[in-house]
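The chains carry the letters A, B, C and D, assigned in the order they are written, with residues numbered from 1 in each.
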Amino acid sequence: MTSADLTPQTPAPAAGPEALDAILRDNFAPWIQRLGLRVEEAGERRTVLRLPWSDELAREGGGLSGQAMMAAADTATALAVCAARGGFVPMTTVQQSTTFQRPVSGRDVLVDVRITKLGRTLAFAEITLTAEGATEPAAQATTVYALLG
Amino acid sequence: MTSADLTPQTPAPAAGPEALDAILRDNFAPWIQRLGLRVEEAGERRTVLRLPWSDELAREGGGLSGQAMMAAADTATALAVCAARGGFVPMTTVQQSTTFQRPVSGRDVLVDVRITKLGRTLAFAEITLTAEGATEPAAQATTVYALLG
Amino acid sequence: MTSADLTPQTPAPAAGPEALDAILRDNFAPWIQRLGLRVEEAGERRTVLRLPWSDELAREGGGLSGQAMMAAADTATALAVCAARGGFVPMTTVQQSTTFQRPVSGRDVLVDVRITKLGRTLAFAEITLTAEGATEPAAQATTVYALLG
Amino acid sequence: MTSADLTPQTPAPAAGPEALDAILRDNFAPWIQRLGLRVEEAGERRTVLRLPWSDELAREGGGLSGQAMMAAADTATALAVCAARGGFVPMTTVQQSTTFQRPVSGRDVLVDVRITKLGRTLAFAEITLTAEGATEPAAQATTVYALLG
């Protein structure tokens, strides 16, 4: 691993929420579009997405499916790396670890990504998913991405 | 953690593929139904699902999205626990770790779950996802589930 | 998983640093004692340990071994759960995921644990390991513990 | 990530157990030497180490500490990559995820590593730790390594 710090390799203004929404629309699978994710904040170090509540994402019994939370965390990391680098970057997920801590029902989830290292070839992030209005996390994840360009 | 071994708590014939397909249909989110997962094999220790190729699951560029593979691994674990216990069990994912090793394009993926511990309150599994016809894994995952009944 | 919040089951004053140092001394393996961990802060939600620099923990080349950081994160979680519950609790690690982000050489490491959920049977934590004086993490971990008493 | 398969980049005979024992002795921290790990098998795809039982590694109560199992899994992966590449390779751990499934007491543990991908810059492995004579795993891990040479 390089000792590169969090300075973007190509100094660039971080891509804003609209630019990230466009990257999401253009690069992710149709099945991922169905999550209805929206970018709320975008910055060099921190990006926040909203996962709107939808019965389509709920299991029998009414709880938000863990699969939707994992998918949201992964998608949010990719967009956060784009925000940090100032535009679209080809990349691939290397590893994701997720813990599921509290059920969510009937509420949007905020997906808060912090890029903890942006190296030349690898990026690391931590993601906290919290139901809107709650103070404790529904789930937490760490991700590692390989940057291809 | 208990020292319970892999003997089902309630001795029961493992649920077969048709029973698991019904559990999948009745208990998982509509968004998960869109993956089109089908149960190929079901046993006390090992369950195999097929994730059919679909452009809906592919990113720009044509590769199967990692999110779909994570969701398939989680869903397959839940069904494998039902197979091991001989029917539906209420449960919740505690932790999932996934590594992404090789791209998949244009091919179905086989999702092979091995239950490595079936305790009274926790179940552990390892999952290997392999593109049909390939010999090396596309992704691997480990999962921990809390059993609620 | 229960919906229990972070209120200790048995309301109790969080065990302080000296009490945790004693728990560390009395309950962990001799090989773990060699890490020389010391409790710096102890609270209901957050506990901080210091891993003092030692050549014994360094690989050829002079970098702190990742194994020592994983062991410190696990040990720190156990002590943080004791702090949150107000005394020693029998428990066992269920899962630990660690990412390694920056090398450490010649400096102590601060191991900062935040308990994100303290349920009746499961506890979840996130751990950030940072070289003293650094602003970015050397490593991050998430842990899941089963509480046995 | 590259699409490189498991063929070593520099075709080379896999390093044997004695060569790996020497790499272990020369490159790992003194604290890791105290684990007493020994290489039992070494091959291009699979390497097995023995973690001898020692009271030094046991917690109060007599169980093998999870920290020792995590450290053994990490060390075994590094040696397995060396075996696959035919000699010492500078590398660094990127990520390790470990699940703890069964206690171990009074017995050696076999640490069985399978390299599932050996790319140009990243290697992936799965590790199963089993108490000698047992049929079910004590712990399982997945690891990602960055190869630096």
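Criterion: a residue touches a chain if its C-beta (ideal position, glycine included) is under 8 Å from a C-beta of that chain, and two chains touch if they have at least 3 such contacts.
Because the structure is predicted, anything quoted here is derived from the model rather than measured.
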| item | value |
| --- | --- |
| Connected chain clusters in the absence of subunit C | one piece |
| Inter-chain centre distance, subunit B versus subunit C - centres from mean C-alpha coordinates, in Å | 32 |
| Whole-Å gap between the CA centroids of subunit A and subunit C | 27 |
| Separation of mean Cα positions, subunit B and subunit A [Å, integer] | 23 |
| Junction residues of subunit C - those touching two or more other chains | 1, 92, 94-95, 97, 99-100, 103, 144 |
| Overall pattern in which the protein chains touch one another (line/ring/star/complete/other) | complete |
| Sites on subunit A touched by subunit D in the complex | 1, 92, 94-95, 97, 121-122, 144, 146 |
| Residue ranges of subunit D touching subunit B (in the complex, touch as defined) | 1, 3, 5-6, 95, 97, 99-103, 116-117, 124, 126, 136-137, 140, 142, 144 |
| For the subunit C and subunit D complex, residues of the former touching the latter | 26-32, 34-35, 54-60, 65-68, 70-71, 74-75, 92-100, 103 |
